[in-house]
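Next come the structures, one after another.
Same chain, two partners: subunit A is paired with subunit B first, then with subunit C.
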Partner chain A sequence: MPEFLEAAIIGVGLGAQYALLALGFTLIFGILGVVNFAHGGFYMLGGYVAYSCVSGLGLPYPLAVLVAVLATAALGWVFELLMIERLIDDHLATLMLTLALYLIISTGVLTVFGPISMEFTFPVGGAFRAGPIYVPRENLIVLAVCLAAIAALYLVLFRTDLGRALRALADDRAVGMALGLRPRLLFPAAFALATGLAGLTGALVTPILSLAPGVGDPVLATSFLTVILGGLGSLGGAALAAFIVGIVEAYTSVYFGGSAGALVLFVMVLLLLVFRPTGLLGRDVRGA
Partner chain B sequence: MHGRPAGLIRRLGGAEIAAVAIFIVAFAIPISTKSVLVYSVLNQVLVGVVATFSVWIMLRMNLLSFATPAFMAIGGYTVAIAGRYDITDAFLLTAGAFIMPALVAVPLGALVLRLRGTYFVLVTFVLSQIMQLVLFETPGLTGGSNGIAGIPPGTLLGTELASNQQVLLFACGLALLATLITALLTRYFRQHFAAIEENEILAESLGLVVWRYKALGFVVSAGVAGLAGYSLVNMLLTAHPSSFDSITAVDFIAYTIVGGRASILGPVVGSSLLIYATNLFGTHGQYAQGLYGVLIMVVILAARGGIVGTIGTLLRRRP
Partner chain C sequence: MNQHRALLAAATAICVVCASVPAWAQGCELKIGSMGPMSGGAAQWGLAMDAAANLAAAEANAEGGLKVGDKKCHVTVVAYDSKYTADGAAAGANALAAEGIHFIIGPVGAPEATGIKPVAARNEQIAWNASYAKDALTPRYPLMFHMGPGPGAWADAVIKQALKYFKIQSVALIAPNDQGGTDIVTVDEVAYKDNGIKTSSEYYQRGTTNFAPIITRLLAANPDAVDTASSPPGDAGVIVKQLRLAGFTGPIGRNGGPGTAEILRVCGGIDVLKDFYWYEAQPPNTPEMRAIDEEYKKLLGKDQTFGTSMWSNLPGARMTLRAIEVAGTMDDVQKVAEALRHLPVDDPNMGKGLWSGQKQFGIAQELMFAFGVGIIKGGENLGVTRVEPKL
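Right, the complex of A and B next:
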């Protein structure tokens, strides 16, 4: 029984991380119609920026996380404004651009930090115990921050004018623009918001997992799985699917071990595509 | 202009004839030199070109596929597993390496070709990841993380393909075969593929049975990838999961886009140049990915036709 509860807590923790990544990914797709292949790259970059701030500049960890968020958001803003913006309606071209950015980020990280993994540890150790249940304290902190970020994102998207404008553009860009919404301001903002979330996740999670060139690949794959499961462009779907993915991964790794979890998820996604190609909460989206 | 040769070239396609000619001439390289460096680069180019054809065929229909490494793995492992049963006849293995992935592509195609654009990209990416897992999780069949080593060299008409030169000549043969298949498919169905690329819904409403051509393209693309897998396994005499890493799909896509996606010469030029450039990095091959990234950006932002397309435009602009 404690095993069962621990797996549940780990699963929810993973789900919260995946939700932050998948929400950003689906935000970019929903609003700009761009598949962001660099999403894993921003996650990795967030980790490396936080690591550099802590070990190079001696900043306290929370401040380093903040710097990582700002840096990845800034890169996302500039990249969208200078590159994506020019070819915004060409799906294949924007996809190739983000893929190219991912290759450049990976090579950049490899050049600066080398191929070995960094010694980047979470500043809080120890574990939380409640009777027989035993959960590392770092996981609980990450879970709390992720949930707070999801809540903040919800407030921004559903309770502010910025959020309403972004959702309006996602819904129908032509009408939104006719009503005076300015894509040249809002598109970079949406991109920066999403990449900042990826950077936040990277800065929070890489100290617990690992920080090395290539940590972005599995993140990208998980983001894909999550958004396919949830339905491309659907925010609620992405959040729901992220927790499903996290919980499935946690339980299969506790009870079956190895890569069984990944296989279960792949089979789920393939079955879903047969019976409901638009995903759990998706609707027909442009270009998909 | 209406002479017979001109008419024939127009029907067969100048680019297609040039591509086939390039791979006929390629046979001369292993015969005329024994340089280890040339052998190594040429071998990689021959594998890369064939794999890139597989991506290019799908791109003719505006579908960006990341599934090439998965089908390469099926082709390569078919050959490796056949080697365990002492099947070494090169014709038989070539047929197997083409047919097995093509067969697997039939049910997979029925599943993934319902998807368009973005979903297709994401799902083929996931497919390549599944293939890696399947390779690791089936040690009885595929050797798991050890792969299958010590594959017996193939035999062609009773001769064992033992020397590097023979292996390379055989790789040239496989590349020529793949070029012929790709050229025939894309030339014969040129207008069908172009209609799907241009506007799939319009094509369908005008009576084109779109799924038929997409399925055909997907199956042939899988078979061609299988040939690339065979070529790779034949070169290494080992089938290993790392040879078919899903991230290698990015390389083949880069070769196609940088070379130019409009003509069959694009994959040929793109993979030759980029693989050659990668070898200039020497032992720092991992940095080549950054170069690919920069080149893709340049092509997408500044030279949409890729190398071949841009050269073509420049030539046409001249009076």
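Right, the complex of A and C next:
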């Protein structure tokens, strides 16, 4: 019984981390129609920027997280404006561009920081305990940030003019542009929002786990798996799928071992693709 | 006349300059490869391999080059990141062969050793794997050499030393679910059982970043100790961190590749690690070992930061170059391999060792030197005890 409860707690914690990652990934696809292969790179970069701010500049951790968000958002904005925007309708080209960016980021990090894990720990340690059950304080903070991010994204997309404009461009770009919407301003903003989210996740999660070149690799796989499950482009679907993935991974790993966790997830996605190709909450076709 | 004198003076000057430059500058270059995971959780091991190759090359170059027949050759190192995978090592062997490289210092892990063996044999390349695979060497691949023995040779000594400090009646082992994990865990389990300790084991997919669910499963068996076996140091650091967060207070062991410095860095320090016992490839902090680091700094102009694995990889790199000298060729790989097999195991820093492997692999191409067992108790590092090699 303690293991059953503990698995649920771990699953929710994992789900929160995956949701933060998947939201940014699905946002870029939903609005721009671009599969961002550099998403793991922005996660990694967020971690390294926060680490540099804390250990190099001596900034307090919350400020370092903010800098990481701004830095990754700025890089995303510039990259979209200068590279993606020119080839936005060529899916293969954008795929290669984002993959190239990931390689540049990971090689750059390797060159600057070296290959060995950094000494980077979360400033809040310990756990709340009740007998054999424990809830790490750091996981609660990530969960709170995740819920706040989902709420903020919802407000931006559904309660602001910027969100309405972005959704209009996602639905039908030609009509949106005929109505005066300007993709050259709005698309970089959407890209920056998503990469900032990845940077936020990296800055929050890498001190809990570890920070080394290559930490972005599994992030891409997890994000992909989550958004496929939720439905590419669906924010609600990504959030829901993230928690499903986290909980399934936790229960299968606890009851069937670490190898089974990954296997069950991929089988689950495979079955979903066969029986419901649009994912849990996805649409049949992207509008634009 | 003056013109002739000037020409003569110029010719003389050219001859003097030619005579004063190292012989290798006249065109003889020996390229050797270094291979291993140079990024990711096991990067420390691959970089240690590369550092050993570079130091051996720098030593030869500092002597004016490696004497190959009647030439002095400049030794350069080409590194390849094989990413702890079989396909990475196989591709690496081919990539190095494409550059005409027939001597490879590396790779590191069991999957890499499996991947490189047939490819290196086909390419006529001598390679030195440092893996703990059960088939790290086989008579079928006589150009493969082994940096040092696996846990079958030292796990018992590590466990016996740990039992002097910690009460352990049961242990849970955790490692990746590929050959780099399973080959080591099964040997470690035998060593624990031989010491009267009950074992259980858990495996995880390489690339796992959050070990919390696996740790919950692991601790359900209520073990006295947890052994991180051959988990890469980066992974082991996260495992230690999450074990302590889950409330595990028992000793944590490491009957696998060295990496204590990185584990300490990732887990949050010695106060988190608290009680720890581990295999160390070499007993550190002896004058001979410190001399390696000093020489590294002197010849390569930077600190040696790749841990103790670098020390244990150095003899293999040095002996490869020595064998080329003895064979008097860098083209006849079989002749170099034959010379290597007959070299005495006597390293300037590591001291005397043995050619082992006959009993386990059926081929005595494994270097065996003294090794160390480290203990941290109550957050205090009690140091590393030296254990002499024996066949």
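The criterion applied here is as follows: the second predicted complex is superposed on the first by the 282 of 288 C-alpha atoms of A that agree within 3 Å, B and C clash if a C-alpha of one lies under 4 Å from a C-alpha of the other, contacts with A are read in each partner's own complex, and residues count from 1 in each chain.
Following the convention adopted for this analysis, a residue touches a chain if its C-beta (ideal position, glycine included) is under 8 Å from a C-beta of that chain, and two chains touch if they have at least 3 such contacts.
All figures in this text were calculated on a predicted structure; none of them were measured in a lab.
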Subject >> Combined model on subunit A where subunit B meets subunit C, clash or fit >> reply: clash
Subject >> subunit B versus subunit C as contact partner of A:Leu169, first or second or both or neither >> reply: neither
**OP:** Answer with first, second, both or neither: which of subunit B and subunit C does A:Ala262 touch in the superposed model?
**Re:** both
Original post:
Of the partners subunit B and subunit C, which touch A:Ile28 in the superposed model: first, second, both, neither?
Top reply: neither
Subject >> Partner chain(s) touched by A:Asp217 [first = subunit B, second = subunit C, both, neither] >> reply: both
**OP:** Based on the superposed arrangement, let me know which partner A:Leu97 touches: subunit B (first), subunit C (second), both, or neither?
**Re:** first
Subject >> Which of subunit B and subunit C A:Leu110 touches, first, second, both or neither >> reply: both
**OP:** Quick one: classify A:Tyr134 as touching subunit B (first), subunit C (second), both or neither.
**Re:** second
Original post:
Just subunit B (first), just subunit C (second), both, or neither: which does A:Leu273 touch?
Top reply: first
Subject >> Contacts of A:Ala7 with subunit B and subunit C, given as first, second, both or neither >> reply: second
Subject >> Candidates 91-99, 163-171, 307-315 or 325-333 of subunit C: the single one with C-alpha clashes against subunit B >> reply: 91-99
Subject >> Residues of subunit A at both interfaces, subunit B in one complex, subunit C in the other >> reply: 106, 110, 115, 217, 221, 258-259, 262
**OP:** Under the touch definition given earlier, write down the residues of subunit A that touch subunit B in their complex.
**Re:** 29, 35, 83, 86-87, 91-93, 95-97, 99-104, 106-108, 110-111, 115, 217, 221, 224-225, 227-228, 232, 258-259, 262-263, 266, 269-270, 273-274, 277, 285, 287-288
Subject >> Sites on subunit B touched by subunit A in the complex >> reply: 62, 64, 111-112, 114-119, 121-123, 125-126, 129-130, 133, 136-137, 247, 250, 253-254, 257, 286-287, 289-294, 296-297, 300-301
Original post:
Where on subunit C does subunit A make contact in their complex?
Top reply: 38-41, 43-44, 46-47, 177, 202-205, 207-214, 216-217, 220, 233-234, 237-238, 245-247, 262, 265-266, 268, 305
**OP:** Name, in rising order, each residue of subunit A that touches subunit C in their complex.
**Re:** 3, 6-7, 10-11, 13-14, 17, 106, 110, 115-119, 121, 125-127, 129, 132, 134, 136, 209-210, 212-215, 217-218, 221, 249-251, 253-255, 257-259, 261-262
